[in-house]
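Lettered A, B, C and D in written order, each chain numbered from 1.
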Amino acid sequence: MSDENPVVKLLRGQIGQVIDNGFSPAGTWLAGTIKAVESGSCTVDFTVRHEMTNPVGTIHGGMIGLMCDEVIGMAAYSLYNEYHFTSVNLVVDFLSKAVKDEVLSVKATVIRKGRTIINLECIVHNAEGKLVARAQQNMVRTSLKLR
Amino acid sequence: MSDENPVVKLLRGQIGQVIDNGFSPAGTWLAGTIKAVESGSCTVDFTVRHEMTNPVGTIHGGMIGLMCDEVIGMAAYSLYNEYHFTSVNLVVDFLSKAVKDEVLSVKATVIRKGRTIINLECIVHNAEGKLVARAQQNMVRTSLKLR
Amino acid sequence: MSDENPVVKLLRGQIGQVIDNGFSPAGTWLAGTIKAVESGSCTVDFTVRHEMTNPVGTIHGGMIGLMCDEVIGMAAYSLYNEYHFTSVNLVVDFLSKAVKDEVLSVKATVIRKGRTIINLECIVHNAEGKLVARAQQNMVRTSLKLR
Amino acid sequence: MSDENPVVKLLRGQIGQVIDNGFSPAGTWLAGTIKAVESGSCTVDFTVRHEMTNPVGTIHGGMIGLMCDEVIGMAAYSLYNEYHFTSVNLVVDFLSKAVKDEVLSVKATVIRKGRTIINLECIVHNAEGKLVARAQQNMVRTSLKLR
């Protein structure tokens, strides 16, 4: 999965820059920084901001899910599919805490690309390499043509 | 589960008001409006804002998960537990779309309250009563005493 | 969803009998008894046998998942779909124990029937009405024509 | 995780033999063959038998879930925990088919061992190395002392 298709080329051109005006309004709000892209894989860093935390002062589990869902969508997009795929489900396991100002590295990878279903997984590490969360998702092909 | 414990009383006092300065910074960002509370159940309305949407113009799946996770946490909290419970996992099934400015009604309910694990489900409807998503979560007791 | 389509009629004809020679070899092994069928819903009772238990003497979690998957498949089938649908995923939450010789009532219900994806849930109760497990599944349409 | 604790030693002594009289009645029914064991990881091969198939002639999804749940339980057991852990949930993604007489290699691995929760994943390959399914599970500590 390493050929540089147009989407991979586009995303690679943004490596190292904070996403502050992307196609995804939610992605822009998350303000991640793309670190690595291949066809079928994408790694994005996110800084935990105050409004991403819960009453106990750690990152809100739903925010971890949101980060995973965003990067999973980018990894699916990086396949340069003919049709748009949409999320069927999202499963997240929360493994350890993260606090405000921490940088989380979120890596999504296509596990299986079928004609109708794409299955992906996502892992979240903190800066010390500790596993913070794991997610998996199934996406289904829609009739929306992308190219 | 209908006795009015102190948490239920507190949350009921906020019914009808936009949460704009709550204990949960993420909850404040979501800016929901509590509609109903019982011990073990909570319903909150959220308006889909621009920064909650995806490149296709519909609500970002991760934002649905975030809303569910927030209300699930409130439903668990409404049990007035002696100890804080934290999320083990979150599972979301995406069933239909919602767009900017739509109001989503998110209802979380405790399915089983064990000594160590609480199991909850969450359903999301739009204003026309169409099912937008379903979620389920397991939470585990921590050693953090709440009372 | 209450019209009696040919599949509903077929399954209703088997109500009250142990499934000992069905189309599904795994279903035959499970030896359930159909209790109720509608288009989009199916309830089957199963007796927990010795070979369904784990080292602690209670029902093996995977056996609960197997029962759920079987009845979920029947509920999808009861829609009398034009095409065969296959499982994308299965999520099970284990809520309480069951032991050898207990009868478990497994009810699966279609939550949403889309053109490509069917979403279903399943609940498992014991004879005293206690909730033993909950499951949810997404199925995707295949190209195998059923009628 | 490679020290040979008493459980690892026990399980390693059974490598290469069909499990036909194990502690787990369900495991005995599955009749797997242990291929590899470490503390926190276990690989077992299973042959798909007729009674494990569905009406379409392929392995029943629930049987895949059962195999995963069994090996996940062995991987958790291989940690030589002081207390028994029980399953909180099971999530399975079905990725490709398998038919009668195929041998499936099921490998479960501990992802995170906490004091109260163990998180594990499981992957299922066929003899050609094709990915058939992926699963993940959370287990919670019980009060049952094992040693």
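Criterion: a residue touches a chain if its C-beta (ideal position, glycine included) is under 8 Å from a C-beta of that chain, and two chains touch if they have at least 3 such contacts.
Only a predicted model underlies this, so the values are computations on that prediction, with no experimental measurement involved.
In this assembly, A is the chain whose CA centroid lies farthest from the centroid of chain C. Averaged Cα coordinates give chain A a centre that lies 29 Å from the centre of chain D. In terms of their C-alpha centroids, the spacing between chain C and chain D amounts to 23 Å. Each of the following residues of chain A touches two or more other chains: 88-89, 91, 93, 138.
If each chain is drawn as a node and touching chains are joined, the picture has every node linked to every other. By the touch criterion given at the top, residues 88-89, 91, 116-117, 138, 140-141 of chain B touch chain D in their complex. Note for the complex: chain D touches chain A at residues 91, 93, 95-96, 111-112, 119, 121, 131, 134, 136, 138.
Listed in rising order, the residues of chain A touching chain B in the complex are 23-29, 50-56, 60-63, 65-70, 73, 84, 86-94, 144.
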